[in-house]
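Here it is, the structure, as structure tokens.
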């Protein structure tokens, strides 16, 4: 039974407790050895995520703001800082899997120590000042981001193991056909893009610095697909020689494809016994690829090549945001079925409901006929990750959060089955290099009118 | 005495002849050995540029359109295709410097053969059809681009030679002080960006596919620097520890800086005897760095870090285009002093004239007080290279010209001392990866209002 | 209290049990996480060593020879084969640290299952045939080799952890001065080199194929150092600029030194507070380098450069063997103090006893005045690893044991504090590439008469 | 008409002139561009060889010994030193192909200047002292080595050019069948190996330091093949799956084969029209592989794998030397047909004469029935390149000639079609890394008796 997501309106102390608990809930079923492994440089061991999210609270809240707080272990800041240059020296990222010590038990002890100290701090009104309240919102969102990484990183760790262990067993049931792709038109116009500063609570006001400032953008007329592209559709691209057709690919993508021998999406493997001719690793183990489920774990290059093959293109992030606002109900929470997002514990994207709603009732968030905007798979946009006009990073080490990555990355929108529900907004900008594929990255088509 | 640039209004045959002649003029003073060397993968030997620009005419004009034309040498298309996948197999780019044969003499013979065939074809009205006329405009612009590369590639070839040969001797005269940087304000507004299809002649209508289609963009209020950043200003950044201050740098730039040991711009070397403490290789040999000349050969990462240090930022390409249109006089040719652009044969950027014009008269192109917009140094924008709304590449192999590079590159604007004057428009989009520095790449600051 | 080493004369079943037990004894004090980590490609996780040595018995003894034996787990041979091409496909060596499953507990269950099956097989006379007896001797020696690797690999794993954990605590006591290096002369002559086939028992007869056949070699007159080179002596080489003096180094070694920035031995770190100016990581944690202990963890290149600096050279393997036979007492076991070899559980080499024996009595193995020939540190010879005249590898997968490594490796002799005592013979040939340093590799000088 | 090789008994001045002339004779037919190219790091441009051999005389003879000699150009020592650390800083080896200047003409002017200065020096008795005479012998041998490299480097440069130019045209005539391989037995015994110091003249006394000192070695009984392995025999190895049979290969060789995709010797290409199914690049252009010619351009790994497949092995260098002395007639010059060695200008190995001599008369050097010992193809031995007992490099920069390469290289014997005839002795030790193939490297089989 999936946990109810934390409501935005609850107290900061309750929200803090809910986030910390959710992080640990994701560890259910793991054995000690699972916490240690780093299967590639992009992946961090579960143990490291547990400790790093703890280090964040200790470094940015307890140490500067909680009277009398003493570091739990003086050696930990070096080990568990990630990339905050201004927060001190760091252990090399690629070597996080070389650390057998501190043990998993010791890391949990560190976690619990800091959780307790934070709760005491919050219960004593520590978050009453705006400055501290802002840092706490960053911390909650930061830990939510690492929840997503814990899921995707474990998926990678398990996938490279020839034993192919499962994180959660799941029954194998074929998905229903979501029907043919439809197109939703939007007229040309001037739009406000990005997040404004208003909001009644710190949680409502919160957004990452890269989502602002709110500014005007003119968006030419466009149409956008009413659901994600499916595995079945993507398999047609493969069957049509998409991976061997250089004119479909960006030059850099073609070079990567040649260097790495790409012939199908990450995690897919040829399997003559599977209906589509492919199986793939999922967090429920190896499964035949289901034609009706959304294709995911695509690089930008693959998503872009597919779109070109399909006579379409990827949306810009402004187009995506315009479309997303049209289905956002203003409740402060993403419209999506209960099994979407990480709290659904499916850890695998669902097929879209049929346009009429499948079970007869329209799904949440399917207003305007747009399905799967949130909580199934991140959607590559063709927008490279750049600052908005007037963008300014926040001061200090927390300012290293976003701005310094604005080169050679593309924006993704919408959240995935590994994202916490309360973490997503229509303005939310995720970003990854175009060759990254270990996140749940899918695609939605667009075209100019 | 520099050649007068070809006027846009002359006949296509005359323009063709002028472009071909200009390419060869750049070879003056070279010895046979200079044509052969490839000093890094980005660089091509002069011999290859001479042959590749010839192959283009043969492949895209003579072979398909000139009756009875037979390939000059059946082995050349493989050797001299660059990256047009649809135009056949290619010799490996990184091995262009391994070819001693065909000899320089044989390449010139090939050139002259094709030049003659083209002139006969043009004189016989071969370019009268719109389709052919369009390809010829691409060919002229393509050869102009390789003129620029010939200059920058030779600069690199000579620079790695410990003997440090000069392409052209030039007297060493200190530049005049261009005065402090001024700011020019632009109001927020909706603008038409990119090139429209109109124009009386094929030459006027011509633009690369990536410059279109013309579309609307809302540009928030901004200010832009009235001249390029100088070497003297950049040396202050160095002296202030700019290369050691991680918070000034993009994350990827910092990693490159650490991996490659950057501590000053490409071609600069510490030199205690030089006024600024640096000398640099120029096409006139090693020279002390002049504080008043524009800094160039910057990577995007350096330009971006400098701007952050200076409390400013780089312009977006829309901002740059808005500013550039304000000084463009509509004559069809870039406003700039006679010594700008490649025909000036300075091969090194000049200091800006003083705001009053220096010699008492305002320089061409300094309307609105904006100096050095064209023909001195390419200006990095913070816009990553992306398609305009409604962008469609042209069909066939020529469609590989631009669109397939739209990932991990940044847009540069304005042209440099290596660019042919007739090649530049306010809409012209050049692009390079953020770590590239062997072009004449400088920077102009901007800031949000 | 260190375990007594297994006597050669005991039954094969007892020797098997002793070897299996000794492997597990080395795991004392480890936590679950320690078994998982692979800190570089040369290193294997402890868990893998435990499973691989088990796979060996299952593959080469139980499956072919034990009636009715069924594989414990059909997936394990793929995971735990190392490099025996003829024994089937293998998991990639560099990815052994990516496997969280099977768990440590599961690996121990596998171990115990196979140990029990083997003991039943041996008790039932399974080793009575010569063919099987030979394989069992190989298996015992193979597992002993992995005992050594378990120690050296754990040392590396712990060393890259900033917490620098210890495998065994050990009191810090300064070593006694072993006195100045003496030289022992040997006359020119024809010698029998390598192992003959004779011996009363399989254990006595056993040797690796690379140790034979016995053959004649003429050895010119030479002298050999009477003890290993000490850390103090090596520190003089450093202080004298040995690491910056190209003429002392082999060309390839100098290139490695430049590429990797070598300035002291592996595991050494500058430490102003330490007497010699260096501390080093040991399996008892970080310790000041003791001037009287033998220097170890040297690459061949460093050992060779030191010898040149000292006006000497490394011995050939024939010279070393001639010297070693002069102190070998024929008892079938290496002459060395009780604290030498892995059973001593020092995991760190001792200083040489003083020439007179230190405590008044000559140490075992110090006949002819040669100290530290066995069980302290492997001694680099200048002999590259080549086949003896008439060498033939054994047939089948076990023939891949030695012969296929005969390129770009150097021979080492004598065993170390990580080697099981019963594993060493005067004819024993170990081999490593010249840049390897994570074994306990030291040096003994030689010179031509 | 090939030049007669210089007789050993001629004066040093005449020998000097002959060697200098021979170097330049190899440039016949080259165009300017051919002198510039460096097609891989191992290869040097012809221009560099011409200058480096000139630098040697200037540095080691004229500057220290010729009164009043002034450097021709102060910048040249930096450019044309190869690896003599003690002779000053060096230009990076991998960048020799980046130098268009000095021009070919300037390099020849440098050469002639130094040749003239040397002749005046020698004619004035400059070589009368033993010390200078010794250096001159080194210089002559050094320049001969570079003659060999000029040929093999040009072969590589031309081979990577898709135009496949020829250095010398040669008629295509099928070689005669040399008959089946025979075996020549040698008994076990103690031998003197290496070069002694005696000799009437400096030329006779000369040898490289690595050939001495003369010492005793016991060689067990062996047999050696009476000719080189042919292309036809090697093609059987390929057809039998030799390149896919891991057990035939050294572990390191197998890894190289997988990484580089080896499936046939260097320079060979599949060609359905050729009799053996392969053509190969030769200095006469692309030719079908002739089954009777010796196979060459083998790596050590291929030679070793072939030998194992053939049920034999490679000889040790001592075995080869014992066999070679049995056919050496003491005349001071290698016994071989007039078309062998570089002066033959075949630049490609000949098939062996038939055992009876083919044309009815025994060929020179075929005493004891051993054919092709000298001047056709270097013969890989299984001996890794190590110092002889008592070896001492000469003092000073010339001591860097040999000793510093004694790691990870294998010894080759006998000389090739690119080696000057007067350069070879039975004791001559050439050495290359086991993966090198751009020399004329072949193989002769051996086996233990």
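Letters A, B, C and D mark the chains in the order given here, with residues in each chain numbered from 1 onward.
Simple rule for what comes next: a residue touches a chain if its C-beta (ideal position, glycine included) is under 8 Å from a C-beta of that chain, and two chains touch if they have at least 3 such contacts.
Computed from a predicted model, the values in this text were never measured in an experiment.
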item	value
Between chain B and chain C, the fewest steps along chains that touch one another	2
Most distant chain from chain D, judged by the mean position of its C-alpha atoms	A
Interchain centroid distance [CA atoms averaged], chain A/chain B, Å	39
Chain A-chain C separation of Cα centroids, rounded to whole Å	48
Geometric centre distance via CA averages, chain D-chain A, whole Å	61
Interface hub residues of chain D, defined as touching at least two other chains	none
Chain contact topology (line, ring, star, complete or other)	ring
Chain pairs that touch, as defined at the top of this document	A-B, A-C, B-D, C-D
In the complex, chain D residues that touch chain C	83, 85-86, 188, 190, 215-220, 222, 246-247, 249-254, 300-301, 313, 316, 382-387, 389-390, 399-400, 404-408, 410, 434, 448
Contact set on chain C toward chain A in their complex	31-37, 39, 75, 78-79, 91, 95, 97-104, 157-158, 160-163, 165
